[in-house]
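Look at the two complexes coming up: chain A is in both, with chain B in one and chain C in the other.
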Partner chain A sequence: MNMKTENLEMEIRSMIAEIAEMDEKEIEGNISFQDELGFDSMTALEIIAKLEKKYKIKISEGDLPNMIDLNSTISIVQKYLR
Partner chain B sequence: MVLNFEEIKKLLPQRFPFLMLDRIIDYEYEKRIVGIKNVTGNETFFQGHFPEEAIMPGALILEAMAQTSLIYFKLSQNNPKKDSASTPVLFGGIKAKFIMPVVPGDVLKIEMTPVKVISSGGIMEGKASVDGNVVCKAELCFSAGRKQPKPL
Partner chain C sequence: MLLRLGQERRKEKRDIRFKDRRRFDRRMNVEEFKRLLFVSKKEDPSQKRRIAITGIGVVAPNGIGKDNFWDALSNGISGIKPISMFDTGKYDSKSGGEIADFDAGGHLGRKGIRDLDRSSKLISVAVKLALEDSGIDISNTNTYDTGIVVGTSLGSVRSISEFDITGLIEGPSYVNPAHFPNTVINSPASHASIMFDIRGLNSTISSGFCSSLDAIIYACDSINLNKVNTIMAGAVEEFCQQTFFGFYMAGCLAGAKGRLEQSMPFDRRRNGLVLGEGSGVLMLEELEHAISRKAKIYGEVLGFARNFFPCRKSRYCHSVEGVIEVMKKSLANAELKPGAIDLICSGANSSPYGDKIETLALKEVFGDHIYKIPVTAVKSMLGEGYSVSGSFQTMAGLLAINKGIISPTINHLENDPACNLDYVPNKSRMANINIVMINTFSPYGNNSSLIIGKLSKEEQKRL
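Up next, the complex of A and B:
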């Protein structure tokens, strides 16, 4: 993992923790948002809206089903940043 | 005028006394929607809120903003007629700030902009104003009652 990915991970992790009102430590790379952290569709929507605003990207609806945990969210954001 | 009262009724499930929208005067995809609610002294809620001093409940200002957002959501989908007025919508997260009271005679102008709207819900933010003075600012997060894509 290079520096850039690490920074991105830190930023996204703290963003998600803030939206979900959770401790950052609870959000691990492959812990499922839905099954283990109990996120609902509105939390998901809030995360996407925040990501779009922060990184000035536009995440397509087709990517949503793939954003299942922190790792996949990071790779999707990276895809748009490239 | 983009939508009149009858056309609004085709898109919203709400009916008397809960239709908090008279007209949609502007709509632009991915930009904004502007609705109008004329507040009269005859509103049913003024009977109790309050008997000696009529003030529109803030929750109903939010309702007007929510209904405007719902119209945006319906119009922004490819085929708004497809799920007609019956689509149940749940407003989940609401952040709001009330700035001034709304009283009989006020024309409530509701301007909402989409933050993110997808086929199963969305986030809208905006303001309600009377004569150019902002009376309420809010951000609304809603989910349309139909099968969700396997989320996040």
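Up next, the complex of A and C:
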């Protein structure tokens, strides 16, 4: 599956903004999910369920601790899309 | 030989059961239990605490907020309209008491409510309105002295259905975990507690049509047991296709087979109920606590009772004895004679049999007095809100006590010989109302009755 990085970033940013109930512009690439957006384990599961559903991928549990901000989430999704 | 062995074993078991029962009796010595319970609080257990109603929060099909709701009730404005939330093309029944324009974000703020279901949003708004109305600000100093009791029975049906549809069609790993809490029946009460930081007590009562009054009664019991001094008690029910379909298939809804689709309690043409929704919360407070903070007191809880008389399953068939017994017990609890009641807020919901037997039961309990007591049915304007109806009825009673306005039973055009009481037909009425009885009955056997009254003049002077 090929997807332009720009589109992917836009889509995931919009998803994170929706979950964080913030404006997309406020979601910077390195904003911390836990410290700055206040995400907890439940929110992490919600993000994973949404990503898996949208991109038809299966994210390994081992990748969960590495999804700490938008940039890391995008690269993990890219890894599965390749 | 085998027979004798069997007899001996049965005797042994009987002896063990007897010993267990004696142990149980010792353990559950009520007087001792009461003594232990109250000794730490230095309270006299025979002294019943008086409970005031100091706040009203309501989200109803014909008005959001106490003032709008009371205005609508006073003017006989119906909240029942054609259903807009889903397509009713395949059903004979097409109307409901839905709150189509309900905007939770407008009351609660846009953040933090994304994952809440409709029931949780409805109750949270009612709690917020009740808190504002009562003037209570929850803080570290009073949060452990404040509780919440919510009645709901069908509040999770839509959430369960939607969650399961995703799990079954797309697979368990595709469900949204944030939506799982909505699938449990105590989620509305818990979400409200989390949102407003209520830490004293949190309970959910699920007893169908009687949930509202049972929640209020549970709250009163909790105040009487010194658990907390202030409790928000009420109920919530959301309107959705799943519950509509259930009631429709059970043959309970009005409008089937081309009949007139209207909520018209006690009218000869009634042929079933119209579903409604909403949330209603009352702030209940220990009377001295309310007086000490100079609260506005809408009324006082004078007495209550509930019982369960099992009926036949799947049939809308009230038990007359149960209804009679609960009203008598409620009057006894309030230490009142039938003639003391000024108004009855009836649970009649336009069902052919239910309205008739409520009339029969009222005649039995009140005797000749009943022809002088107005009986009003708010479900004519709001529809059958299932769990939440009792809260709406209680608020109609408070309207009468505080403003002297008896809300009407609308859509009442044709008299039924079996229902020949004063139902306050179509137009509200002014009257001096001091004591109101509120009744809710269920076709499955639950019956609850509550009596509320105006505060005496001497106590009003203390405020």
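Rule of thumb we're sticking to: the second predicted complex is superposed on the first by the 79 of 82 C-alpha atoms of A that agree within 3 Å, B and C clash if a C-alpha of one lies under 4 Å from a C-alpha of the other, contacts with A are read in each partner's own complex, and residues count from 1 in each chain.
FYI, contacts are C-beta pairs under 8 Å (C-beta built on N, C-alpha and C of every residue); 3 or more make two chains touch, one makes a residue touch a chain.
Model, not experiment: these values are computed from the prediction.
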| item | value |
| --- | --- |
| Touching partner for A:46 - first (chain B), second (chain C), both, neither | both |
| Touching partner for A:21 - first (chain B), second (chain C), both, neither | second |
| Which of chain B and chain C A:67 touches, first, second, both or neither | first |
| First, second, both or neither for A:33, with chain B first and chain C second | first |
| Chain B versus chain C as contact partner of A:81, first or second or both or neither | neither |
| Most chain A residues touched (candidates chain B, chain C) | B |
| Contacts of A:10 with chain B and chain C, given as first, second, both or neither | neither |
| Residues of chain A that lie at the interface with chain B and also at the interface with chain C | 42, 45-46, 49, 52-53 |
| Touch list for chain A against partner chain C, complex | 18-19, 21, 42-43, 45-46, 49-50, 52-53, 58 |
| Of chain A, residues touching chain B in the complex | 33-34, 39-42, 44-49, 52-53, 61, 64-65, 67-68, 73 |
| Sites on chain C touched by chain A in the complex | 110-112, 114, 170, 173-178 |
| For the chain B and chain A complex, residues of the former touching the latter | 92-93, 115-116, 118-123, 141-143, 148-152 |
